[in-house]
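Two complexes are shown next, each including chain A; its partner changes from chain B in the first to chain C in the second.
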Partner chain A sequence: MEHYLFLIPLLPLVAFVINLLLGRWVVKHASAYIAQVAMFGSWVVSVLVFFDIRGSSDKVLEQHLFTWIPSGTFNVPVTLHVDQLASIMLLVVTTVSTLVFVYSKGYMAHDGGFYRFFAYLPLFAFSMLMLVLANNLLLLYVFWEAVGLCSYLLIGFWFRRRSANEAAVKAFVVNRVGDVGFGLGIMLTFWTFGTVDFYGPDGIFAKAANHAALGVSGGTMTAIALLLFLGACGKSAQFPLHVWLPDAMEGPTPVSALIHAATMVTAGVYMVARTHPIYLQSESALVVVALIGAFTSFLAATIALVQYDLKKVIAYSTISQLGYMVFALGTGAWVAAIFHLMTHAFFKGLLFLGAGSVMHGMHDELDMRKMGGLRKFMPITFWTFLIASFANAGLIPFAGFWSKDEAIVGAWASASSVGKLAAVVGLITAFLTALYMFRCVFMTFFKAPRFNPEAIHPHESGAWMAVPLVILAVPAALIGFIGFPPENGPFQHFLEPVFEQAPAQTTHANEQASLYTIQEPATTRTAIAAAQAATATETHETHVSTATTVTFGIISTIIAVSGIFVAYLTYITGTISATAIGARFAPLYQLFVNKWYLDEIYHNYITMPFYNFAMFLWRIVDVKIIDGTVNGVAALIGAISQRMRTVQTGLLANYALGIALGMVIIVGIYLAGFSTLFR
Partner chain B sequence: MPLDLIKPEWGLVVPQLIVFFLAIILMLGDAFIPRERHYILLTAISIIGYVAAGIALIWQYGENKATFYGLFRADDLGVFLGMTILVAALLTVFVSASYVEYLEGRMPLGEFYVLLALSTLGALIVAIAGDLILLFIGIELSSLATYVLTAYAKRRETSLEGALKYYLLGIFASAIMVYGFAWIYGATGTTDLTEIARVLQASVSGDHREASLLLGLLLIIVGVGFKMAAVPFHFWTPDAYDGAPTPVTGFMSSVPKTAAFALAIRLLVQGLAPLRDDWLILIAILAFITMTFANIVAVAQRDVKRMLAYSSVAHTGYMLAGLAAYKSVSGFGGTGSGDFGISSVLFYLLAYAFTNIGAFAVVAWVQHRGNGLDLDDYAGLAAKEPLAAAALSVFLLSLMGMPPLLGFYAKYYVIVALLDAKLLWLAIAIVVLSAISAFYYLRVVAVMYFSEAKVEHKKVSTPLLNIGIAGMVIAVIAVGFFSSGILNLADHWTQALSVAQAVTP
Partner chain C sequence: MGHLGVEHYLFLSAILFIIGLMGVLVRRNLLIIFMCVELMMTAVNISLVAFGTATDTLNGQAFVVFTVAVAAAEAAVGLGIILALSRRGKTVDVDDMHSLRD
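Up next, the complex of A and B:
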């Protein structure tokens, strides 16, 4: 099967090239079909790859395509590598992409940029698949940037709209902050280990596990882990770099579903999971990851609670759910993080597509206060949206319940107090999630319509849009069962080889570290760090007791149901008055409505000082000093150039003289220089 | 060497024979095919001929043998150089057909193709020559045909003037080079390059060198420097490049230049490698002078063709820098992996063929539409002819060394080789001068995209030229990604030279 791996990214790439070059003039509306067929083909290959991988317990497929930059010790091979983790990601990305491509055909049907849209989408799919398949850090980084570029292009797809442009720029700039960290992390990795390859005996992972023996301090490992995590924070919209994602909703809704919910934003989670052998070596980095994740999930849920824009609610919900994945990573519950990544891709993609369908039916209206009662007008959208909401709220037996619960249990079971804290925050957030999700459902689909029925005639979307909704509803409802029984399902067993290798290596490192300690007391800190890392993995090893799992299952079910019930009381029966509560807790309400004032803080304390500094650099340093110098040099070269071109007199005799002189000078210098030759 | 008649292996010179017969067929075709069918038939024959020669060349890959008592060496170095030459010749056919047929008062196409084939044949002979005599015959055959091609627009005075200067200075330089050959022959008693290396290896030790050898070496470098247009032997270049019909200029900047570098590699690396301590530093200095002078003078040019002529000289400097990074100590071939110098030159030649012929092709494309060569003629091109402007931008950016285009990889490998050979100062010079070169390359791009159009463009259809340009654009964009594979092929020169030592008949 490894000989066909290249097809997975190649097919979308071909679709991109065709649609880019011929889209407008030749293939026209068929560009959608080209993209869909290519994506479907890529899905088929991914499924075959999955079954091939599943065949034996620790099978890994690898295809070397070519060596990109060979120069001495720094080699960047373009090699595709599929293990169990990558295989899951391939399935998620190709499945959601295929469905979104189908949906987009209906959603974008009347858009002038139809061909452009169906050129960018396959480009994104290609980049995302290459990101997943990369076998080294630099290749991953290249396509990490490429998906960022696609995100930028698609957020600003309606480039005539000022707000879309600003959102695109914001996304790009905020991601830049994270990517600088990522880039520095790669450089530090190469500097420390002398390679950017993941696998093999000389790869980063093997070397990270043995870092103590290689004389690499625990501090360096923490620095690498944190720098890489900064990149993940940008891409996966974690505090403090989450501010771009809500604005990114300016893009077309299929883009929000595919890129800003299901796939690209999970790249950060994937990257941390992929490089988990590095994180295992740094307890402190894991603590940071867990805290950031837990805080983000809570922060975003509180903001989602008070938004009126349908897509914004779902966007904050995405940030919040990503927070779950990240704290699962931070507490060593790797499998739970990937599990939640997968279920989330389906139900959140479905939520966005449903929101898009609502927008489509409501003439691009997004304010939930102007909706209501849509249940009757668009039944398919309603039922699928409802299923996705149940999944997002974590109601048993929908997909989100199993994965979210596993993340919370995993965090609880980890030895550190951070894990317990994360689990508690996760439970509180779960209540908020159920509340805001059903606030959204009730406001949109229930009660009497609050729009003007004379002006707006809501209608169900066509088959191109409805079919993907129905198909996606199936995994959103049921896919949680592949993780059943919790901690011990087929999903967990499938991913075992990826995350189980780590402890063995760590123990090894631990032994070496202790030997090191005996010989060299000064390096005790290193040894302690390694030992701590070992403890961290051991806690992961300790299997959670059935009692804990069941207890947490019951608790989160109660929480989800009560969240939905509170929403019911507030938005259906009106027993609880939202405005009264808002008035009662006015400061808190203001905090949430203003998104914790983060945008203002960034603007006043980061953007403006930076802007002023940039103005200073431009007006004073650049214009006066640098331009002056550069212009001076340019003028000098221009003057020299004018002088020197006169050498070219056009007279043959002068040329011959020049050549002869050149010869005489060379021979003369040489013979004079080597006067010893005349001995 | 015993004079028993060993049957020569004709199979090893098949590519050269194919091009030779191509020239004969074209000559006959020119005489017997009706004039109005020249355009289609002779062009087709040329294309088929070069492709066939290319296939025959690929056939020889990995052979590494010599025949005719070592006169011809069919080794992988020759295959790589030959491939570069044939690719350049093929591209030139695409670029020149309509130009020669329709512009500058309808020049005779048949003779043009004959001369093209003869010049290519000369270059191909240099690529596989293993003997001083054959090297000289090859380079002269290539040069003589190129002199005539330069004068081909005979109704235009500048064409004749440039050709005459090129010719007179060319024979001047050839005489100097042959004089150098004579000294080498006198000192070593043989004209066979491998034998020369063997004799030198035995006799040269430490500081003790014959002055005669050194004189021969220096004269050869002067001659080679002229052929490849290195400063201060470049004086013919601006006039000849500017005067020649545009496709010929593209051809001159690739095929005879490749031949000149083939000459340099065969002579200096295969034959005179034991004297490397003497020539390496001289080549490095020549490289520095060449790139500095050419880049600075190019800044003042307003004529696009003349600017490209100086740019071509500048690139000679970069390639010479790669040659200066040759660091094998043994004197025979390379030290295996890690000797990037010659490989980087080979890669550069191939990359440069695509990029530079492409740039001249777009210049020819614009000339077809009734415009001159001044910068003003390119003003606002992007608005009216977006594809042509985009193509020229790609070529110019590649010449500048912009990643991920082909020209970037070419410069990159030269710089890696220089760093490897501890020639940091030359590497820095390349980087700084590339920055200066950005000025005159980007000026054209800026004029095309940001200025108002000052002249009208005619609507003309040039299908063959368009295909050629499209092919080169794709190559310049795409080949870079597979540069490591090409570099691996180029790396075979080491084997080629060391294997060749053992072969006698």
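Up next, the complex of A and C:
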């Protein structure tokens, strides 16, 4: 099977090239079919790869394509590497991509940039798949940037809109902040370990596991982990770099579904999970990851509560759910994080596609205050949206329940010092999630229409859009069962080999350490002790008792139901008045409505100082000092020349006098200085 | 008056040279300037001959023969240029000849 791995990224790449070069004049509207067929082919290969991997417990597929940078000891190969984790990601990415491609055919049907859209989408799919398949940090970084580029291109897809351009630039710039960290992390990794390869006895992971024996301090490991995490913060929209994601909703809705909900934003989570052997070596880095994740999930949920823009609510919900994944990573619940990543990809993709369908039927209206009663007009959209909302709210037995619960239980049971805190925050956020999700559902689909039925005629979307909704609703509802029973389902067993390599590598580390024993017994003994201490503090997947799991299941079900019930009381029966509560807790309400003032804070304390500094560099340093120097030199020479040119009179007599005087002076010097004639 | 030494010829040469130089410097008529240049060249020739006689060699005299030949050629070219200029500008005043300056 490994000989066909290259097909997975190649097919979308081919579709991209064809649509980009020939889309405008030759293939035109057939560009959608080209992209869909390519993506479907990619999905088929991914499924085959998955079954191949599933065949045995520790099977890994690898295909070496070529060596990208051969330079002495620094070699960067382009090698595709599929283990269980990558295989899950491949399935998620290709499945959601294929469905979104189909949906886009309907959604973008009347758009002038149709072929351009279907060129960018496969480019994104190609980059994302390469990111997943990369076997070294540098290759991952390259495609990490490539998905960022696609994100930029697609957010600014309607480039005639000023707001879309600004959102695209914001996304790009905020991501750069994270990527600087990521880049520095890679450099530090190479500087420390002398390689960027993940796997093998000389790879980063093996070396990270026995870093103590290699003389690498724990502080360096923490620094590497935190720098890489900064990159993950940017891409996965974690506080403080989350501000770009809500604005990214300026892009077409299929883009929001595919890139800004299901796949690209999970790249950060994937990256941290991929490099977990590094994180395992640094307790403090994990604490930071957990805290950031927990805080982000809470922060985003509170903002989502008070937004009126349908897509913005779902965008903040995405940030919140990514926060769950990140705190699961930070508390060592790796499998739970990936599980939530997968279920989230399906139900959040579905939510966005549903929102797109609503927009389509409502003539691009996004304000939920101008909706209502859409249930009758668009039944398919309503039912699929409802299923996705149940999943997002974490109601049993929908997909989100199983994965979210596992993340919370994983955090609670972990050895990590902030695990309990993260779990409690996760539960509070779960209540908020159910509340804002059903606020959305009730405001959009229930009660009497708040728009003018004479002017707007909402209608169900066509088959191109409806079919993907229905197909996506199946995994959104049911895929949680692959993780059943909790902690012990087929999904967990499938992923086990990836996250249980750490102890094996530590054994390897001890072996390697013992080789040095002959030469330096004293120092190495401390090194071994340190390595063993590191092993002892590692946070393993702790298998929790059934009682805990069931308890948490019941608690989170109660929380989800009560959240939905509060939303029902508020937005259906009107027992609770949202405006009254808003007025009662005005400062808090203002804080949430203004997104915790983060945009303003960034604008005032980061953007404006930088802007002023740039203006200073331009107005003063560049214009005055640099240009001033250059122009000053020219002006000086000009002024001197202006005076000098009067010497050139054009009168023959003056020149002749000059010649004569010169002669007299030269002869005079000769006579005075060297001749003996007058001495 | 005693013997005519080389100094006397040199004084004559110097006086002729200064007269020629002054002519070049103060006169405006191109033809006069040209004649003054010839005068300066003659002054040089005199000093050359004087040195040749004084040192009892023929080098000076031989040099003068060449100088006179070159001067003849130069005179032909110089007069030709002056003639052409006077035809073109209807004048031989050097102060009026500044077309290369502006």
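Everything below uses one rule, namely that the second predicted complex is superposed on the first by the 582 of 679 C-alpha atoms of A that agree within 3 Å, B and C clash if a C-alpha of one lies under 4 Å from a C-alpha of the other, contacts with A are read in each partner's own complex, and residues count from 1 in each chain.
The rule is simple: a contact is a pair of C-beta atoms (placed from the backbone, for glycine too) under 8 Å apart; a residue touches a chain by one contact, two chains touch by 3 or more.
Keep in mind it's a predicted model, so treat the numbers as computed, not measured.
Q: With both complexes overlaid on chain A, does A:G658 touch chain B (first), chain C (second), both or neither?
A: In the superposed model, A:G658 contacts chain B only, not chain C.
Q: First (chain B), second (chain C), both or neither: which does A:G215 touch?
A: A:G215: touches no partner chain.
Q: More residues of chain A in touch with chain C or with chain B?
A: Larger number of chain A residues touched: B.
Q: Check the residue A:W68 against both partner chains and state whether it touches chain B (first), chain C (second), both, or neither.
A: The first partner, chain B, only.
Q: Taking the superposition as given, does A:V667 touch the first partner, chain B, the second, chain C, both, or neither?
A: A:V667: touches chain B, not chain C.
Q: Which partner chains sit in contact with A:Q642 here, chain B, chain C, both or neither? Use first/second/both/neither.
A: first
Q: On the A-aligned overlay, A:G628 touches which partner chain: chain B = first, chain C = second, or both, or neither?
A: Neither partner.
Q: Using the touch definition from the top, say if A:G650 reaches chain B (first), chain C (second), both or neither.
A: After superposing on A, A:G650 lies in contact with both chain B and chain C.
Q: Identify the overlap between the chain B-contacting and the chain C-contacting residues of chain A.
A: On chain A, the residues that contact chain B in one structure and chain C in the other are 648, 650, 652, 656.
Q: Tell me, which parts of chain A touch chain B in their complex?
A: Interface residues on the chain A side: 66-72, 634, 637-638, 640-642, 644-645, 647-648, 650, 652, 654-656, 658-659, 661-663, 666-667, 670-671, 674, 676-678.
Q: In the complex formed with chain C, which residues of chain A make contact?
A: Counting only chain A, the residues touching chain C are 648-653, 656-657, 660.
Q: What residues of chain C sit close enough to touch chain A in their complex?
A: 21, 24-26, 28, 33, 94-95, 97-98, 100-102
Q: Touching residues of chain B toward chain A in the complex: what are they?
A: By the definition above, chain B touches chain A via 164-165, 168-169, 172-173, 176, 207, 209-211, 214-215, 218-219, 221-222, 225-226, 232-233, 235-236, 238-239, 278, 282, 293, 296-301, 338, 412-413, 416, 420, 436, 439, 481-482, 484-485, 487.
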